[in-house]
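After the structure tokens below, expect a handful of questions from me.
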Amino acid sequence: MTKRVHQGTAIGGIAIAISIIVGSLELQFYTRLGPGPGFFPLILAVIFGILSLVWLIQSTVYKSESGEKKFLPDKAALARIGAIVVSLIGVRILMNPLGYQLTMFMFLFILIKFLGKRKLVETVIVSLFGSVGVYYLFGKVLGLLLPTSSIAFLAAIGL
Amino acid sequence: MESFSNLLMGFSVALQPGNLLLAFLGSALGTLIGVLPGIGPSAGAAILIPLTFQMDPTGAIIMLTALFYGTQYGGTITSVLLNVPGEAASAITCLDGYELAKQGKAGTALSLAAIGSFIGGLFATICLVLAAAPLTKMALQFGPVESFALLTVGLSLVMGLAGKSMVKALMMGVLGLLLSMVGLDPVRGMPRFTFGRLELMEGLDFVPVIMGIFGLAEVLANAEEGFGEITLAKMSSLFPSRSDLKRSVKPIIRGSLIGTGLGLIPGMTGSAASFLSYITEKKSSKTPEKFGTGMVEGVVGPETANNAHANGALIPLFTLGIPSSPTVAVIMGAFMMHGLVPGPFLFTEHPDIAWGVIASFVIGNIILLILNLPLIRIWVKILKIPYGLLFAVILGFMVLGAFSVNNSVFDIMIMLGFGLFAFFMKKMDFPMAPLILTLILGPQMERALRQSLEISQGSFSIFIETPLSAILFVLAVIILIAPAFKSLRKRKEKVSGEGA
Amino acid sequence: MNCKKSHGFMVTVAVAALFALCLAPLSAQASWPAKGKSIQLWIGYAAGSGTDAGARLMAAGLEKELGVSIVPMNKPGASSQIMYSELAKAKGDGYVFGTINFPSAVVSYIDPDRKATYTKKNFDLLALHIVDPGIIAVLPNSPYKTLSDLVAAAKANPRKVTITTSGIQSDEHFALLQLQEMTGAQFAFVHFSQGAAAAIAPFLGGKVDAYTGNVADVIAQYKAGQVRILGVMDDVRSRFYPEVPTFEEQGFKLYNSANRGYAVPAGTPKAIVDKLSAAMKKVMESPEHMKQVEDMGLTLRYLNSEQYSKFWDDYAETVKRLLPLSKE
């Protein structure tokens, strides 16, 4: 299993190298004075491609040791990781429309309650501090404004 | 000696109660800003400057400079305890610092870092007092050509970061260089690999990237194992053992020299200083392969270097009025807004202010040491927080940090991307350090190369014709082939041993 | 009888409502800025930068003038292009305005490579605030004693005289291109995209022949006698360098400065634009503000909305002409 992953990633590396090479062909290779914008990306991408190839060969020839840990996380772990990833994407989407305080409150609440499995009171306190508390800390003390909601009525109540 | 009497005069100014208080305030705020990710010293200083308008100039400058070098003390704390770099220059401390924390030696790591930071800052200040003019003259020798050569030396040292697999380290190094090319290119000023996104026009922001690689990847790895099962080793003593202290002596010396030296050269950042210190320690160690598993030298060296760098960067400001980085430019702006012009003129026009501020560097570093050492007891309590709660706090912390660099949600996605990337790659034993180092050095190298060629109008011989550059290139070559000789010698010994 | 009456009543109400709707914006303008509301000032560069410092000073002054809170928000990235894009799309109700920097504002939409989503038409200009005239300097031991010496050397030895700029398409770059256009000289540009401050050290170290920057960049070095400023690219001598002649005095009609002003999204009612512009003028005339700006080594110069607009148009012409040269 691990071997396949290594090989797959190596092939991915080669693919990335090729796409960078293609991309840098559009850029000027050499200018009057020296290397142009496309010079280093091209050369480095070629080197990267060669190294990926070497790694592909290495991982194909490599004898897997017995007793190696499984590579991919099990279902439950995958769910936890996925939850974190989805939450972060959620923050990105909601931060500007909903404003910092609401977004971070939900973010922290969901993570602490459902992933961290902590008690409700604890969750609410920490979530409040991390959202509203930080907002005022940054705003009043440091003078750095964190986003407020772009939805009118939410902004009106100070969110 | 004249400097000495001037310094004494400076102390009389700096030790006035009002100025002492401001030094304390600046140090405390600096530490706090260092802990908070995303807010760097320049933003912190910029925010404080309007508040200083009512103050007298000496006090204002004392507070702002204390804030500036104080951030280097705070940045260590989150790096060691949470694997989240509070400051770009503290990123490398995560590698061994966090490992030490996992082994129950967080107190050791933090106190050694504080001690090293203190000595580094003090060393740079002593250089300022005793040898500012000659040092600055030396630093001015480093134009684009010499800088490129120096960076090449740094790049060749990256090879020394290879652990077990040379191929993997090289791949990460090359990838870092490729990533550093995103943005406007230094040759024609055209967008390169930005996929039409304006946010990428100035390149990948360093802070979201390292938050992803260090902080997020770690959280994801822990999430994989399950939140209940994270147990850190029981905390041993808060203070370093005698052997740890002994091991720290040489790294501190080396770190002070590297940090101050690079601080003098405009364009060399604190991150470059701390990273180069790390590589130097690894190369000077008898057990280089142990780096990354909790080597004390890997914490003390870089932490000393980044503080020496912060105080060292102020030297060109005082001697010539040159801001060696955008952050120092903010300090320079603060000077000017109070009607003071930094440079040699300051010493003749306002010697009390000039020497008062310099004396405050010494006092500030002492205050920071006193502030930080006892606080370690409190900081390490963070580790006792149940991980089910802590991980969310860390994530929130990082979201805030990544976002506040540019007030942009795009950076949150950058952090996510690099976090997933690092998580995946670490499972396959890819070292992250080469990637980060080349990401730092890459843009500077390409810029310096371009500037050198603009000066020489296309002729590469300028690198050989300039003496300092030629020497550095030879050094780079030596560093590259030295390991080959080492292994050759080892093989010879083996052969002769067997033959006997 | 009743129907007609109620019908008439309804019509009256409708007309009154329509009338009120038309008047509402007018009254909003008259009552702008509304008490308790805050106005956002979007700054296109990071906290701590030169633009940021000047803008925050203006914000503080405006707060006193207008009596409402002005909230500075940094929106850095792509030399303000990100902020300009957002500003162009924002509501022109007088509660948001942004910093405008030359040449980045102009270059960003004229240069097709930058793929800007706006042009000048998307903005209504408020006022010019700060100018920082360009200068050319050499070291005290340099063989070039005057501007003419430097230009003559560059003419005689094309692409041999090295001179710094603060980046490709920076204001210095365009200024030097204009100088080349006027005199036929050809310099060897060395671009320091990190900014003029990054160019000072190599210049002081003797790695380049000459330095181009702005007045505020070399005040420290001038005071210490470490530079010889050959000329100031303005129509009046700089207050900070009274002994330095202007380019104009030396026969080179070159005027260039890094300048910063403010704009609102297009469509903002003229009454609000005028009111805000007048408030800015008052701030710029207050002794407190004048001292703060002078301490930063900068020069105040007020242009009202129409004058600023013409200034922009003239500058855009220059940029359009020189842009292809700047990419070579």
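Order of writing sets the labels: A, B and C. Residues in every chain begin at 1.
The rule is short, and it goes like this: contacts are C-beta pairs under 8 Å (C-beta built on N, C-alpha and C of every residue); 3 or more make two chains touch, one makes a residue touch a chain.
In this text, all values refer to a predicted model and were calculated from it rather than measured experimentally.
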Taking mean C-alpha coords per chain and comparing to the overall C-alpha mean, nearest is chain B
Chain of greatest Cα-centre distance to chain B: C
For chain A and chain B, let me know how many angstrom lie between their CA-based centres, rounded off. 23
Rounded Å distance between chain B and chain C, as computed from the means of their C-alpha atoms: 34
Centroid spacing, where centroids are CA-atom means, of chain A and chain C in whole angstrom: 37
Using the touch rule from the top of the page, what residues of chain B touch 2 or more other chains? 43, 47, 188, 190, 407, 450, 454, 457
Listing for chain C: what residues touch at least two other chains? 47, 73
Multi-partner residues in chain A (2 or more other chains touched) are 32, 144
Touching chain C in the complex: which residues of chain B? 42-43, 45-47, 49-50, 53, 139-145, 184, 186, 188-191, 196, 198-199, 201-202, 266-267, 316, 320-324, 326-327, 329-330, 332-333, 336-339, 341-345, 406-408, 447, 450-451, 454-455, 457
In their shared complex, chain B is touched by residues of chain A numbered 5-6, 9, 13, 20, 23, 27-28, 31-37, 40-41, 44-45, 47-48, 51-52, 54-55, 58, 71, 73, 76-77, 80-81, 84-85, 87-89, 91-92, 95-96, 104, 107-108, 111-112, 115-118, 122, 126, 130, 134, 138, 142-144, 146-147
If you look only at chain B, which of its residues touch chain A in the complex? 39, 43-44, 47, 167-168, 170-171, 174-175, 177-178, 181, 185, 187-188, 190, 192-193, 219-220, 223-228, 386-389, 391-393, 395-396, 399-400, 403-404, 407, 409-410, 412-413, 415-416, 420, 423-424, 427-428, 446, 449-450, 453-454, 457-458, 460
Using the touch rule from the top, collect the residues of chain C that touch chain B in their complex. 46-50, 52-53, 56, 60, 73-79, 81-82, 85, 113-115, 159-160, 162, 167-169, 188-195, 197-198, 200-202, 204-208, 219-221, 223-224, 226, 292, 295-297, 327
